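Think of it as A, B, C and D in the order they're written, each chain with its own count starting at 1.
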């Protein structure tokens, strides 16, 4: 059975009606938003959750003894339960709220990094987003940790044999790889990677920024030790991200930032830290955004991650087919398992010109190095154009994309 | 002229109408919200700015070549101009967006801290919030920096003579003190502190979390080198704060977190950093919240910081008067210059019981150590009750507070 | 209390009275079991001292620095557990926790809670359920008790 | 271009033509002034080489790897500055920047811009103002030019 035979199981009209922005026009054309991998649009449920919090029930949390503070604390802490269930984490106390995925990874590089010893190594892959690369470089330069790069195959899959070789000397303390590439769409074989890492005595971190959006995530089934994601790609607000880690690791790690709420007692001489997860949440957190992330998760789950995955698999297969027919178009990467992200180039047309001309026609895609410069170098490119899909994307939008690409090519050649 | 003669210059009815939450009831009583120092309520202008962004104009910023991204980038970067003007900063490029004040101070402790040498010292004061204490302890323990504590007087003012003594040996690299105490309400003599610090070769950081809300801030007139504040206390959303620092300092400081958007070029071997302020803004920032912070600043400035300051000075004087009449009530601190924050204790009634009984009557105050445990110890207390005022606070609310406190005292004694 | 002050439901007269004049405050001359509870959020603390006689609590004292809820909870706990076996005392504690945390007042589960686990005057704390931030004030003495009873020796 | 593709206003025929077939691509055998421009955001880069004769630009070549806007901007810049003095060339550059950044197309300020600063074919880039993220593509060659002219020697 070809993937093209997947039934489109979502009620797209009803879903799209939940996203006010999808009714907007851009350059007098209806908006075709194919840049969800950069950041997704927000459903009414999320917009209302934020507005209602600010309109009816808001105060600073945790230390307040009054009604508004108690209720806001409950709403905030309730999202920890939602996120734990969303990731199938063993405990709500393993959920740390951060600004975004980037901060979550920096937190691990700082605090778990402090437990690594000079001479130990961290392995990342050739297809990492800068968010899962630069923090490890900074750790390397600060702490004498070796940084090893697991190569990818020409098809855009992680080279597991090469990874095995990198793990062989037993020096690796952490394997930190993406669970889904934001450029190639590659979904990595997380369980296999975790097993290899664990067999070599290493912990494993998955950057789930892209993948949690598209499929059901189960950190226990994946064998993950750390998992990160970012709210704004999951139809939630900006300013909120998540680090999940095994409690035992969080307990052992020193705090990242100091301040209110992360302490147990403070004297000028010495402070002691609050329990996990609060040890890692210094200062007033993104209260309103966390509550809205909860609304996003509840909303996405009401649709169902499996239905979303099926819808996007259908769309992706359809798009790969349609784009192959565009003259001069070259799809970058042929991974074994791909999420709803497609990078491409076009002979004789620079990706920036593609993006601008699509934009003139109401179509939003991304062009550039996608915060993955070393991957671009590996691919021998300086930039690609990238179309990415969300649960609100429909087949007709892919048709508009493909048709417009044909015209752009005609225009330039 | 007594402060009680100040005219109440704000149109309080019109202002209160802008805050939907002020119409709520708590335990069947109208909400009297006197906990703004912990976090302020949000006007419609802020709520709408967030909702409108998500409804009509949103995408990830900086790297997008399409209309939604360009417009969102403009809105986000426009707030840098607004904040620069709000603080009278010399350049928009000196404005770094953070999650909150806590992160801003941690950023300085990490990145400016990296420029300090073992044996150098940082001076803080006895009345710091944990946010301006714990990061410096962590720096001390990590980098062999000495942490010196400038005492306060019994009235709750910074002891300038003692500060002078702490600076005398020329080892101090940074004086980091609050611009307004969240417990005592003390407004510190920033210019005098800056002059003393500079004369001793030290830089100076002011924690403006409380003070920017109440008065016009001019970082140049204050002679500040670093200044921090937090959006949620300034009637803005959670998840957004500000670090201002002189460009020369920001240029010299290494980055705090690594990731997308803060780099210039990345190879596996080496990355180079983007220019200031982007060097300090890794990953997708709190886009929606930054835009809403801009709305908050515009709204507050439309009322006028001077009018707000006058209103709050009037309220504070009125409250000090009214509270003095409550039997058994003791106001903590008599600083020379006080913002709209009053801490108090009551003979025979624990602050927590005060807070709970006020709450039963619809009145929200805070009770506890206010994230300033060492200050509590200095004052010989474990907790205080604290009432704090915002621009929407009215005299009648202070009357309700004072009357209810009399009844609480009767209830317990 | 004047009638305009709302809070009487929460601060039962018994709570106010015991916080003002505790009956079990102080220390034992010969404590066999000691436990401490501290709430880092507010600095409140309590120390519970016990003496046992034939596996029954024969004497209790507490030293408590805290709010009215915490003080009264310590004092009423002391009164309630006097004469119980350690197991019975801990069962009362479980039931007290359930009272504070659960949405409905727990009915006596048949068999599960014997008569000795009845809450009696501790029911005065039931309205705390509406003030979740204060629940730990009432639980603090029970935390100390648990610590006292989990130690094998002093 | 078919009529349904919107973008003709932005991608003037001149821009498309010059990006496809640049007239000033390549290197000079004896460059007196060299400047480089690089856009780290996208990796586009350009190298501008000049020869001067009696303080007038007598030869220009550019090597550009970039988008159509950047390529055409480099080529049309080369054409425009040929024969100008360095000062005149930089003035054209200023005026070009103003064209891209300001909300209204800059009128010729009396006296301020001489005839030689007229933009001519560079006016093709005016619609870029509506695509702010692309402005730096058009400015890149001018950045390189500025660098070339600010060096005292090669």
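By definition in this document, a contact is a pair of C-beta atoms (placed from the backbone, for glycine too) under 8 Å apart; a residue touches a chain by one contact, two chains touch by 3 or more.
For each chain, UniProt lists the protein as follows: A, B = cysteine desulfurase; C, D = Fe-S cluster assembling protein of nitrogenase NifU-SUF.
Since this is a predicted model, take the numbers as computed values, not measurements.
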Does B-D or A-D have the larger number of C-beta pairs in contact?
-> A-D
Chain centres computed over CA atoms; the one at greatest distance from chain B (cysteine desulfurase) is chain D
In angstrom, rounded to a whole number, how far apart do the mean CA points of chain A (cysteine desulfurase) and chain B (cysteine desulfurase) lie?
-> 32
How many Å are there between the centre of chain B (cysteine desulfurase) and the centre of chain D, using C-alpha atoms for each centre?
-> 47
Chain-centre distance (mean CA atoms) for chain A (cysteine desulfurase) and chain D, in whole Å, is 39
Could you tell me the distance, in whole angstrom, between the mean C-alpha positions of chain C and chain D?
-> 81
Mind pulling the chain A (cysteine desulfurase) residues that touch 2 or more other chains?
-> 27, 63-65, 69, 263, 265, 352, 356, 359, 367-368, 373
Overlap residues in chain C, where contacts from two or more other chains coincide = 41, 131, 134
Along chain C, where are the residues that touch chain B (cysteine desulfurase) in the complex?
-> 1-2, 4-7, 10-11, 16, 20, 41-44, 65-69, 131, 134, 137
Touching chain C in the complex: which residues of chain A (cysteine desulfurase)?
-> 63-65, 69-70, 73-74, 263-265, 274
Residues of chain C touching chain A (cysteine desulfurase) in the complex = 40-41, 131-134
Which bits of chain A (cysteine desulfurase) are touching chain B (cysteine desulfurase) when the two form their complex?
-> 20-21, 24, 26-27, 31, 33, 35, 38-39, 41-42, 46-47, 50-51, 54-60, 63-69, 99-103, 105-106, 109, 129-131, 133-135, 137-138, 147, 149, 230, 232, 237-240, 255, 257-263, 265-268, 270-271, 282-289, 352, 355-356, 358-359, 363-368, 371, 373-374, 377
What part of chain B (cysteine desulfurase) is in contact with chain C in the complex they form?
-> 27-29, 348-353, 356-357, 359-361, 367-369, 373, 376, 382-383, 404, 407-408, 410-412
